[in-house]
Amino acid sequence: MPKINRYVDIDTVERETRKDYIDRHSPFIHCEANAKAGEKFAVTVMVGNEYAHPDDFDHFISNVALYNGEILLARADFVPGTLANTKTKVEVTFNIVPTKKMKLVAQSYCTKHGVWESDPVKVEVN
Amino acid sequence: MPKINRYVDIDTVERETRKDYIDRHSPFIHCEANAKAGEKFAVTVMVGNEYAHPDDFDHFISNVALYNGEILLARADFVPGTLANTKTKVEVTFNIVPTKKMKLVAQSYCTKHGVWESDPVKVEVN
Amino acid sequence: MPKINRYVDIDTVERETRKDYIDRHSPFIHCEANAKAGEKFAVTVMVGNEYAHPDDFDHFISNVALYNGEILLARADFVPGTLANTKTKVEVTFNIVPTKKMKLVAQSYCTKHGVWESDPVKVEVN
Amino acid sequence: MPKINRYVDIDTVERETRKDYIDRHSPFIHCEANAKAGEKFAVTVMVGNEYAHPDDFDHFISNVALYNGEILLARADFVPGTLANTKTKVEVTFNIVPTKKMKLVAQSYCTKHGVWESDPVKVEVN
């Protein structure tokens, strides 16, 4: 509390009926499964997989945060209207330099529906 | 995951032995129990009750966020060194205007030990 | 560019005719003129002196930043609606620990009218 | 004040002698010169052109902000150490949806040397 909403915690039935709601709030991490230690590694966070969230002034995704385990790596803040309320998903690409294996997790924040968390993504670092 | 650490979730034994660790990371909300609808209402968040967190460059409280239920009201970001690494607690006072009863929760973020959450504080609004 | 708007840069005539516009966007620093080295020092930033800025979803003050000379001390981010669109001014109190004399400057950001900067405030530290 | 440092304001002589200092603090915008109205448009901000800024705990780039004229589009905050203090430049890619021509400007913030601003970049939107 504030509740952390997770796509995976939602039961199958509910997931079907509320699929668009859940999908468009959930952040998804897109990155390679392997990284080279000490080299730049791009991590894209996109909010929504099949559906895009509204970008209304009173209802928008105001930030996206990227964690490695418990540790915050970076966070992006958005102002309403920058996606012109089109069907475009919130998307930001952070660049980090890993030194050992990571367990990435993203959180997105909707001004009406709170905090949503991605599945964790493991990255091997060699 | 990222784990939300809570003072209340820590068992009594552990709480005794690691009291300073837990105390200095936990945010505490200080505000009146009652507010007037439509009027300015001050909410102070202080990190630590008996103990102050370090303000080292590699170990500091980098932000404090205030929620009403699921909804973010405000967030403050800090740069290391602004407390001169003294025994001063991180403290910020947000001013909000409530319109109905609130359930306030604060989160603080330590650059080494992750997210910590306060007990919820109910505020009646008349 | 982005232009930094300053109350003091606006000529007298314009200041009269557009007084409410200028006033309600300008951040004002409220603090003591003297601080004790190594001790907690409260700095309140209020946006607007005689007038309050709207808190509409499409037109609000989304952040306030506090600098000492070139150095950022803290920044607060706000979500629209937390002032319930009343005549309440945006206000946040940061607590810092000075070690030597400071030249504080605040900036506020309006989602329609950009960055506004306060007069600098000198604080002696003994 | 806080001074906005600009690569272009620095005279030729100083620019030669302090080239690495100036270069590694300056944000550079990388994007297409033309965008389609209503479609996703990627804008990458990289801090430093030939030189990378340190990522020390007491000296790092803590945020990058992207403006269109006076209007903030997005801002990314970083925690020290996420670039492992390698020779990797701070880099973030924001995705926005333009509706008419833009004049993009980026600002980066160094915890020791303050605010730095890019040259403006004009983007035609058809």
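Each chain carries a letter (A, B, C and D) given by its place in the written order, and its residues are counted from 1.
Keep this in mind: contacts are C-beta pairs under 8 Å (C-beta built on N, C-alpha and C of every residue); 3 or more make two chains touch, one makes a residue touch a chain.
All values reported here derive from a predicted model rather than from experimental measurement.
Student: Count the C-beta contact pairs for A-C and for A-D, then tell me which is higher.
Tutor: The greater number of contacts lies at A-D.
Student: Among the chains, which one keeps its Cα centre farthest from the Cα centre of chain D?
Tutor: B
Student: How many angstrom lie between the CA centroids of chain A and chain D, rounded to a whole number?
Tutor: 23
Student: Using mean C-alpha positions as chain centres, tell me how far chain A is from chain C in Å, no decimals.
Tutor: 32
Student: Spell out, as numbers or ranges, the residues of chain B touching 2 or more other chains.
Tutor: Expected reply: 62, 71-72, 77, 79, 111.
Student: Give the list of chain A residues in touch with chain C in this complex.
Tutor: Per the stated touch rule, the residues are 56-58, 62, 77, 79-81, 111.
Student: Which chain B residues qualify as touching chain C in the complex?
Tutor: So the residues of chain B in touch with chain C come to 38-40, 44, 71-79, 82-84, 86, 88, 90-99.
Student: Across the complex, what residues on chain B touch chain A?
Tutor: Interface residues on chain B, with respect to chain A: 1-4, 62, 67, 69-72, 103, 105, 107, 109, 111-115, 117, 120.
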